[in-house]
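Consider the two complexes below, in which subunit A is the common component and subunit B and subunit C are the respective partners.
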Partner chain A sequence: MRKKVIIIGGGVAGMEAAGQLSAQNMEVILLEKQSILGGHLLNWDRLFPTRRDSAEVLDYLKKGIGSDINVQLDAEITNVKKEGSEFRVILKDGRTFNSEALLLANGFELFDARKKEEYGFGIYENVISSAELEEFFRKNKHPDLFAGIRSKRVGIVHCVGSRDEKVGNLYCSRLCCVTGVKQAIEIKELLPDAEIFSFYMDLRMFDRHFEEMYYEAQQKWGIHFIRGRLSEASENPDQTILVKVEDTLTGLPLKMTVDLLILLVGFIPRPETRGIASQLNLNIGSDGFLSPEDVHTGANSSNVPGVFLCGTLKGPGSIENTIADARAAALQIACYLSV
Partner chain B sequence: MPALLRCRLRVILVYKAIGNRISFLTFDFRLRTNHQSLITNHQLKTFGYTINSDRQIDYDLNNKMFRDYLVQSEPTILRCIACGSCTATCSAGHFTSFNIRRIHTLLVRGETKGIRKEIEKCMLCGKCQLVCPRGVNLRNCILEIHHSLEKFEK
Partner chain C sequence: MKIEGKKQIWKDYQKEIAGDHYFYVRSCVRQNFFPGSEKTFLRILQNELHKDIYENAAHTTCSGIGYHSDIVPIATTMTMIARQFALMTEAGLENLATSCITSFGLYNEILETWHHFPEVEEKTREHLWNATKREFKKPGNVAHASDIIYKYREEISEKAKFKLVNKETGKPLKAVEHIGCHYARMFPGKGVGGAEYPYVLTGMIESWGGEVIDYPERRHCCGFGFRQYLVMANRGFSIACSKKKFDSMEPYHPDFILTNCPGCPMFLDRWQYAISEMEGKTYGTNGQGIPVLTYEELAGMLLGYDPWDLGLQVHQVPVEPLLDKIGIPYDSTKKFSGIHGEDLGKPEPPSVLKFYTEH
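Up next, the complex of A and B:
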């Protein structure tokens, strides 16, 4: 008899794990809250560091979802139980599923920039989030409709909702830095005359080719990087945005007007994940993301036997990291079920 | 009662715009109750109102011609990551206030005040360029700063 695995979350992690588990002859039930698979990938236009179309990655993931995978859309989970060594997942509409192993791949949510009220998101028309810019690239391929005029000067604010005790998030979201550099280059490609300023605390170009992108942004595109965290953004009568920051490298306060201000919003844990974690007694880290059994050697197992974790519900991660993590989780589940 | 009680009140009475820059009109009031330390002549002279000029970088007002000229004549200037290697190794910097990293940062923000006096401290030894991890052609940058001073700040 084929072993059954329930995967919660049909984004990058869930889709990749489903494909891998199915290839290992397991019966996979893939639960997705939305009415479409893909998760956050659906909202992204192009991906760092290659700036390829996100649809290409989505196409790859879709190829793994064969007809033998039981995909359940609009799946809002109300109850997750462990009964002996079996799992039972009950959805809001009454659908119920059983399995021998459970893989959590719920992913993350984006930080709500309205919580940083001093940056004016949701108040001023020309303050937008990095996610909105991606959406805009997808639909319009031009960023100046935001300003209603051609944006002459664009500010990009790093670490919005990350490394900030005031919003309860001490962690670094890791990928906003490179996203900011990518978006700066993309804006510059569309508006070659625009001046672009990145306001950063630290630039964390940790992964392969990220530093090269940063170099390209400086040398080829002339993007300016100002080290300092924005204290506030306010709207001028003409709807341009006045930003105030300390230019920490000169030790002087600095102000400038920008036509468009983009806030690089970070990762936060999904509130639903917390609910599932409490039903299963899973360990949650001080940052609110789920804790694996062993951070070095057991990154895909949890403190509850049979419950596995993969992707960004364990903290911020790239698509590359998430796909690798999903494969590792699939392998670990296969080992667990074959014993 | 402490031997010296010094109370300094710095009251911002009013601020007013001078040109486009905000300046603060401040009022210093010093009270000393120590019988040994009476108010000095100097303090009497400075008692009252003083005007502090704005030390903020106002990017909108700054003239970027200087910066644009430098970028054009020595494009590697854009690569700086402000690591400070140049300044740590600088011969002139060991004996004077010369800080080429900071001068660079100020120039790309369009701040040119006082640059002429500072840049003269450089002896063009080129050690900064030897250590730069980003390959900024610093010696040429300094020469171009001299050229742009001739060009724009006569």
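Up next, the complex of A and C:
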């Protein structure tokens, strides 16, 4: 008899794990709260560092979702319990599923930039988030966003909602730096005459080819990187944005006007993950993300036998890392269920 | 500007403001800067809103200016504030109403400190007892006086004889609101509307018929900033701060500036005169300045109080252009008369800033 696994979350992690578990002859139930699989990947245009179309990765993941995987969309979870060695998941509309193992893969949310009130997101017309820019790129392959609003000078603000004690997030979201560099290059490709200023604390270009992108941004595209955190943004009468920042390399305050200000928003834990964790008595880290059983040797196990974790519900991670993590989780589940 | 975004923030930062029975603590400096304001606050609370508000002449400075100037140590400041609380407790009251923004910030800072470090509160109680043999209860509610006027802004509007409307054009008057730094910047949740987009003065202006301007240097310091002025060598920075604000608000053509701090109206008012003398520059129309008001003065004006009873004659930037726009009557011959009609003499007119002596 095939062993049953419920996966909560139909984004990159959940889709990859579903494909891997199905390939190992598991009966997989994939629960996704949206009406479509794909998670955040659906909103992304091109991926760093290769700048490939995100649709290519999504197509790869979709290929793993065969007809034998029980995909349940619009799956809003109200209750998750462990009864003996079995799990029962109840949805808001009454749908109920049982399994012998549970994989949590419900990812992250983007930081709500309105919480950095001093930057004016949601108030000033020309302050947008990196996610909005990405979505715009995705929907408009030949965007005229910048031409329309005189975006000759663009500011990019790093670490919005990350490494920020004031908003309660001390952790680094890891991928905002490279996203900012990627988006800066993409804007320059569209508007070669634009001046782009990236305001950063320090650039964490940790993965392969990230540093090369950073060099390209400076050497080929002339993007200015200013080390300093924005203190505030205000709207000028013509709706351009006045920014104030300390240039910490020169030690001087800096005030300048930009036509468009882009806020690189970081990762935050999903609130519903906390609810599930509470029902299952799972360990949560001080940063709000779920804690694995052992950060070094048990990264996909939880403190509750039969409950496994993968992807960005454990903290910020790239697509590459998430796919590898999903495969590792699938392997661990297979081992657990074969015992 | 997306007003919906601001409204969401305003919704997020609402605070509890006691409705009656206040213990009022005055500012050290306001009675010299704008002598009618605190009196007008009491007049509005007692005569218009029929509230119970009590003050004790034995109360002292909170020591905020000394504290922020590194002259008074925090233990002394806490003991002085504990004494104010003791006077309130002895009066059988628990709702503190402060006139000064710095005091408001300091009271909140100390209550928060005591909340996190109860041993510091105990030590302060010991200091107070040793020094005065007094004991105290902590306030149940701490409100700045502008919070209270904000709370009753609609009631004031109903009783008002005038609106913030240009009588010639029928259009709302345009106002710049300037909030004292210590109102909400330390504790955003303690201020109506939070720290970045405070609503306390905006709410008054909107309720009374005016329109608020948001300009790029809205958050910038008025120029007081304690050391910027108290250290004489820094006064160039003080006036530069004020000038930066005036330059930034000028394109929006504000009809007046509204403030809720003791220092802000002082510097925004007096430095306009200084800038006009130094650079020949004025920020209103036809050589006029931009009138700067306290919220009590504005409320009193709209309620129909005599402008000279409000103390508007001591402003460096004449307020008459604003009175004229609204249609508030005034007797220019009595501008420099004393309370019993005696002639106090006229100040020397500025060389640039237009000075009203006749109606």
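For this structure, a couple of remarks:
Note that the second predicted complex is superposed on the first by the 332 of 339 C-alpha atoms of A that agree within 3 Å, B and C clash if a C-alpha of one lies under 4 Å from a C-alpha of the other, contacts with A are read in each partner's own complex, and residues count from 1 in each chain.
In this section, a contact is a pair of C-beta atoms (placed from the backbone, for glycine too) under 8 Å apart; a residue touches a chain by one contact, two chains touch by 3 or more.
Bear in mind that the values here come from a model prediction, so they are computed numbers and not experimental data.
In the superposition on chain A, A:D202 contacts neither subunit B nor subunit C. Applying the stated contact rule after C-alpha superposition, one finds that A:D68 touches neither subunit B nor subunit C. Legend: residue contacts after superposition of the two complexes on their common chain; A:T250 is shown touching subunit B, with no touch to subunit C.
In the superposition on chain A, A:I123 makes contact with subunit C only, while subunit B stays out of contact range.
In the superposition on chain A, no contact is made by A:E56 with either subunit B or subunit C.
By the document's definition of touching, neither partner reaches A:E76: not subunit B, not subunit C.
Overlap of the subunit B and subunit C interfaces on subunit A: none, as no residue is touched by both.
On the side of subunit A, the complex with subunit B involves touching residues 215, 218-219, 222, 224, 227, 247, 249-250, 252-257.
The touching residues of subunit C, counted against subunit A in their complex, run 1-2, 4-6, 8-9, 194-197, 214-219, 251-252. Within the complex formed with subunit C, the residues of subunit A that make contact are 114, 117-118, 120-125, 232, 234-237, 242. Contact residues on subunit B toward subunit A in their complex (touch as defined above): 55-60, 71, 75-76, 78-80, 82, 101-102, 105-106, 108-109, 111, 134.
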